[in-house]
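Structures follow.
Presented sequentially are two complexes of chain A, the first with chain B as partner and the second with chain C.
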Partner chain A sequence: MIINNKEPLLEAKDLKTYFFTENGIVKAVDGVGFKVYQGEVLGLVGESGCGKSVTAFSIIRLLDYPGKTVEGEILFKGENLLRKTDAEMRKIRGKDIATIFQEPMTALNPVLTVGFQISEALLMHFKISKDEAIKKTIELLEKVGIPMPEQRINEYPHQLSGGMRQRAMIAMAMSCDPILLIADEPTTALDVTIQAQILDLMSTLLREFNGSLIMITHDLGVIAEIADRIAIMYAGKIVEYANKRTIFYNPLHPYTFALLTSIPRLDMEMKRLNVIPGIVPNPLHFPEGCKFNPRCRFMTDRCKEEEPQLIKVEEGHLVRCWNIDKVAPEVKKGLLVGV
Partner chain B sequence: MNRILRKLFSNITSLIGIILLIIFIAIAIFAPVIAPPLSEDHYLIPRMSWDINPQPPGSPMSDDIRDIYDYMGAEIKYDRAICGTAEGGYDIFYGLIWGTRTAFKIGLITVSVSMLIGLFIGSISAYFGKWLDEILMRITDIFLSFPFLVAAMVLTTVLGRGLDKVMIALIVFGWMGYSRVIRGSILSAKEETYVIAARALGVKDNKIIWKHLLPNTIFPVLVQASMSIGSMVITASALSFLGVGAPVGYADWGQMVSFARNWIIGSPGHAGQYWYTVLYPGIFIVLFVLAWNLIGDTLRDILDPRLRGEL
Partner chain C sequence: MMDSLLKVDNLVKYFPIRKGIFRRTVGWVKAVDDVSFEVYEGETLGLVGESGCGKTTTALTILRLEEPTKGQVIFDGRDIVKMKKADMRKERKNMQIIFQDPYSSLDPRMKIKDIIAEGILTHNLLNVRERYKRVGELLEKVGIPAENMDSFPHEFSGGQRQRIGIARALALEPKIIMCDEAVSALDVSIRSQIINLLKDLQKEFNLTYLFIAHDLSVIKYISDRVVVMYLGKIVEIADKKDLFTNTMHPYTQALISAVPVPNPDYKKERIILKGDVPSPANPPKGCRFHPRCSKVMKICSEIEPKLIEIKEKHFCACHLYNEK
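Right, the complex of A and B next:
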């Protein structure tokens, strides 16, 4: 649901995060900007290595050397997170902005009990006793649908199944009632049925505490399920930004279009699975002009020379492409009948 | 934990190590019963005679010494040198028994303190990285560049005689290995997702090191520590042998070997006449070191996943 809030909860402005490697500067995130409103879900979609996760890590400032956010602003509740001291940032992490990680297998410490790891954040951010923290932990585990939580808190991660661990991770993230949740491919390591359960759980919890979510994924199915607005990223830049309906029914960027047509369809007869030709460009040697041009079927000479800006097509729909006029009719046809 | 204990007891070499260690612990605990002290300072080896020549095993306490104890009103609880006496009439048996306590003291204190120092320096160096890592590791390098025994000898000489001085010297030049090992382990472990997840929850740095990283990385250090308890005792003995260790007459195996220095060969025509002066303390040192090494070896085998066949 898109509510017409005036003030965004989180706003990234022209965010640039570079990695200074021995071989040169990798522009992992190069001028990304978006807004997340209260109670809304923003989907960050893109292929591996397009900068989705780096964007997330830049927001919570967990990038280690050689990664560094060199430019831009991250306004969270009107305050710039990039200007905060480490101690202030630590108070925000976990308390206001919580993160769910990709692999529940590795995101839980193997030598600590599940209960300890969940109550740790509680003890850190609230002045409560150990007993109260344990009680809250049991409640949380119950809320995320883990049976027999009194027993589970004394168990170690390897004693839980993948889905259970991801539920425990969600409980951990939700423990301090954050207002913004960043989920970095939370369902990638899970099978489809568990995926559906986890997504269901996440949207229920989100509605309950009226929080916002930044969902990072390469799975358009997941995004269709949960997101309100979607930002499609390619090579460190947002190439299309719109609400869910527009992205799925009226995309204007050739990359979004190609992604959508690459999904196998069950409702029509198709001889071959569509793919996007070529590979993701090496971040050390991005192509000249539009970074998508070597793989784009609408490519013109101009694409090779000049990089397009984000163009506002209509309110809340931004596209980074020179050939929107050419793409639009093709897209209409393509999405209907397949390519 | 159960698995580790089971392996320790099922393996024959480690079982030998454990049995040896248990015997040594028993000796250390029951030292006052096995060799009742005659003087106020329990670590002072009683003299059985004033004779400069070592006396063979079984020789009795000389009369003039007995007179002194009678005069002092002390109760003479035993009056026979079971393992003979060393140069100057020092009772070897008493020295061996109370030397066990000294050995444990040296081994455990030096290793645990230097391990703590090493863990502290290594872990903050690895976790915080950058310039702190640079500085701390260069300091470690400087300490590593001194030859261990020579450096320890020089420092003990400067500080003066005494067991505490020996231990200080061993600690000052003994922590670098631990800091290197833990630094390596933490460098790789801190990239794990659970560490990033903990940071994303807002957990404080010291708590991440203490609660999340060390439990995952400490085992190689523990193995190294258990192995070096033996070698620390050897080094302390070497210092005593060279005459810069424990004060004269202190119950310390190294010192007892040092007493034997002039008598190892024996007298002309009687090679090995004074065998007891060097053999008994030597055996004790060797067995003590062997016990720790066997246990350390097995610990390493158990904790190394490559040898365990899991990788």
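Right, the complex of A and C next:
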């Protein structure tokens, strides 16, 4: 559900996160802005290295050296997270904003029991006794569908299967009733049938707590299922931003269009996959002008010289491209044929 | 009817579980348990299943990179399981493999021209000049400029490395190539490049592929026929079209329904499987899928269903179809 007439829960404004490496400055996130409303799912989509994970880490301020957010604002409930002290951030992280990472094996501590790790967050954010925390942990594990939670709380991460671990991660993220959940490729490491279980669980929980979700993924199928609004990222920038139906049926950026037509699909017969020529550019040497221009079939001279801005083509639909007029009819034709 | 190039008969591969200081065998991981199928000349046979179902072990056992515990592998009319090591090595000229991870499958200390030429050298096929000329041709074929042949693997991106892996597999003009999750590690835009390349090469060289993947969308796009595996067993074999429109086995149905489709209006009933895949060291009795099956019957926990031809060229191992 998209509600426009409200203040956003989270708003990123012109976020810039750079990595200061020995070889030069990597502009991993370069001027990203978006809004997340209460109860809505925002999908951040892109290929590896496009800056989608760094965006997430910037929001919760978990960047490691040499990464640094150099510019921008992250307004969460109206307050700028970038101005918070570490102690204040610690109170927000895990409580108001929770995260689920891709690889549950590395995100969980291997030498602590699952129960300890979940109750740790509860004890930190709430004034409750240990026994109460353990009781709540068992309830949480039951809620995310882990059988025999009384036994499971005493087990270590390696004793759980991949799907179970991800469920434990979700239980941990949900433990303090967050209002914003950030999920970074939460199902990528899982098998399809387990992925279906986890996505199902996540949608149920989301509906229940009416919170918001930022879903980071490269899988357009997962996004089609769960997101309300979608931001397509390429080379550290959002290239297209719209609601789900617009992205899938009326995309206007050549990259979005190319992505949609280059994936094999179960729902239609495809003669030949579309190909995006070339490779994702090296972040140390991004091309001049539009970052996508060397791989774009609609490229003009202007694309090589001047970088386009993210402009509004209609309410709630932003596109970063010089040649929208040329792309639009092609997209209509292309999506209909299937290629 | 096309000729069968590869015929796998009752293939079994068990791995021992060893414990204690004497490394005594206390059990067996039944990775591949009595698997039979055929691959026809010039086709792409998709082999699909979740992690741990034995699809990779099947490919490695066919190549005898893992020795089979039991069974026959008839390649080009001869049983390669009975072959001596030296003969087998010669035979591998006709059977090549492309691996999943383009980073670990190329030796970082070899120039790519030597990586690609290694097979030609081992089989003593061409002299030095011809060899590198051939490497140049192969590189151009897979879309890498031949002048890069003196570079090392780290100088290439993931997609380019996968192209190098493909050039290596092509070097000996094999009859069959096993693609073991060959496109799984690649980004969306690179994946379509490699899939198209594999299709083009197949047409040009009349190659046969055993294409292993866990992604059903890719399998649907690239395969002619599909084999579905679950916990070391084949549960269904069918022509691609038949498998996706006329799905028989409850596991295949669940698997297909679980794939997220990039279409916001695609309506389907999702079958959510309960629980995890059981351990292949201790598979359930009867039908291995029965603890997670939505259509489970009494007989399923007692008797293991056989893979039988339910209708023409559509095989399925499920008691639901056994009554007639």
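In this text, the second predicted complex is superposed on the first by the 332 of 339 C-alpha atoms of A that agree within 3 Å, B and C clash if a C-alpha of one lies under 4 Å from a C-alpha of the other, contacts with A are read in each partner's own complex, and residues count from 1 in each chain.
The rule is simple: a residue touches a chain if its C-beta (ideal position, glycine included) is under 8 Å from a C-beta of that chain, and two chains touch if they have at least 3 such contacts.
Because the structure is a prediction, the values reported are computed rather than measured.
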Given the superposition on chain A, are chain B and chain C in a clash or a fit? fit
State whether A:62 touches chain B only (first), chain C only (second), both chains, or neither. first
By the touch definition at the top of the document, which applies to A:267: first (chain B), second (chain C), both, or neither? second
Greater chain A contact set [chain C / chain B]: C
Going by the contact rule set out at the top, does A:108 touch chain B (first), chain C (second), both, or neither? first
Superposed model, angle subtended at chain A by chain C and chain B (C-alpha, nearest 10 degrees): 80
Would you check which partner chain A:164 touches, where first means chain B only, second means chain C only, and both and neither mean what they say? second
Could you say whether A:197 touches chain B, chain C, both of them, or neither, answering first, second, both or neither? second
Given the touch rule stated above, what does A:324 touch, chain B (first), chain C (second), both, or neither? neither
Which of the two partners, first being chain B and second being chain C, lies in contact with A:248: first, second, both, or neither? second
Please indicate which partner A:222 is in contact with in the superposed arrangement: first for chain B, second for chain C, both, or neither. second
Looking at the superposed set of three chains, what is the minimum CA distance between chain B and chain C in Å? 8
Overlap the chain B and chain C contact sets on chain A and report the shared residues. none
Enumerate the contact residues on chain C facing chain A in the complex. 50-51, 157, 159-160, 187-193, 195-196, 199, 214-218, 220-222, 244, 254-264, 266, 270, 272-273, 276-277
Touching chain C in the complex: which residues of chain A? 47-48, 161, 163-164, 191-197, 199-200, 218-225, 244-245, 248-249, 258-260, 262-267, 270, 272-277, 279-280, 295
Can you name the residues of chain B that touch chain A in the complex? 129-130, 192-204, 207, 211-212, 215-216
Partner chain B, residues of chain A touching it in the complex: 60, 62, 64-65, 90-95, 98-99, 101-103, 106-112, 117, 120-121, 124-125, 169, 172-173
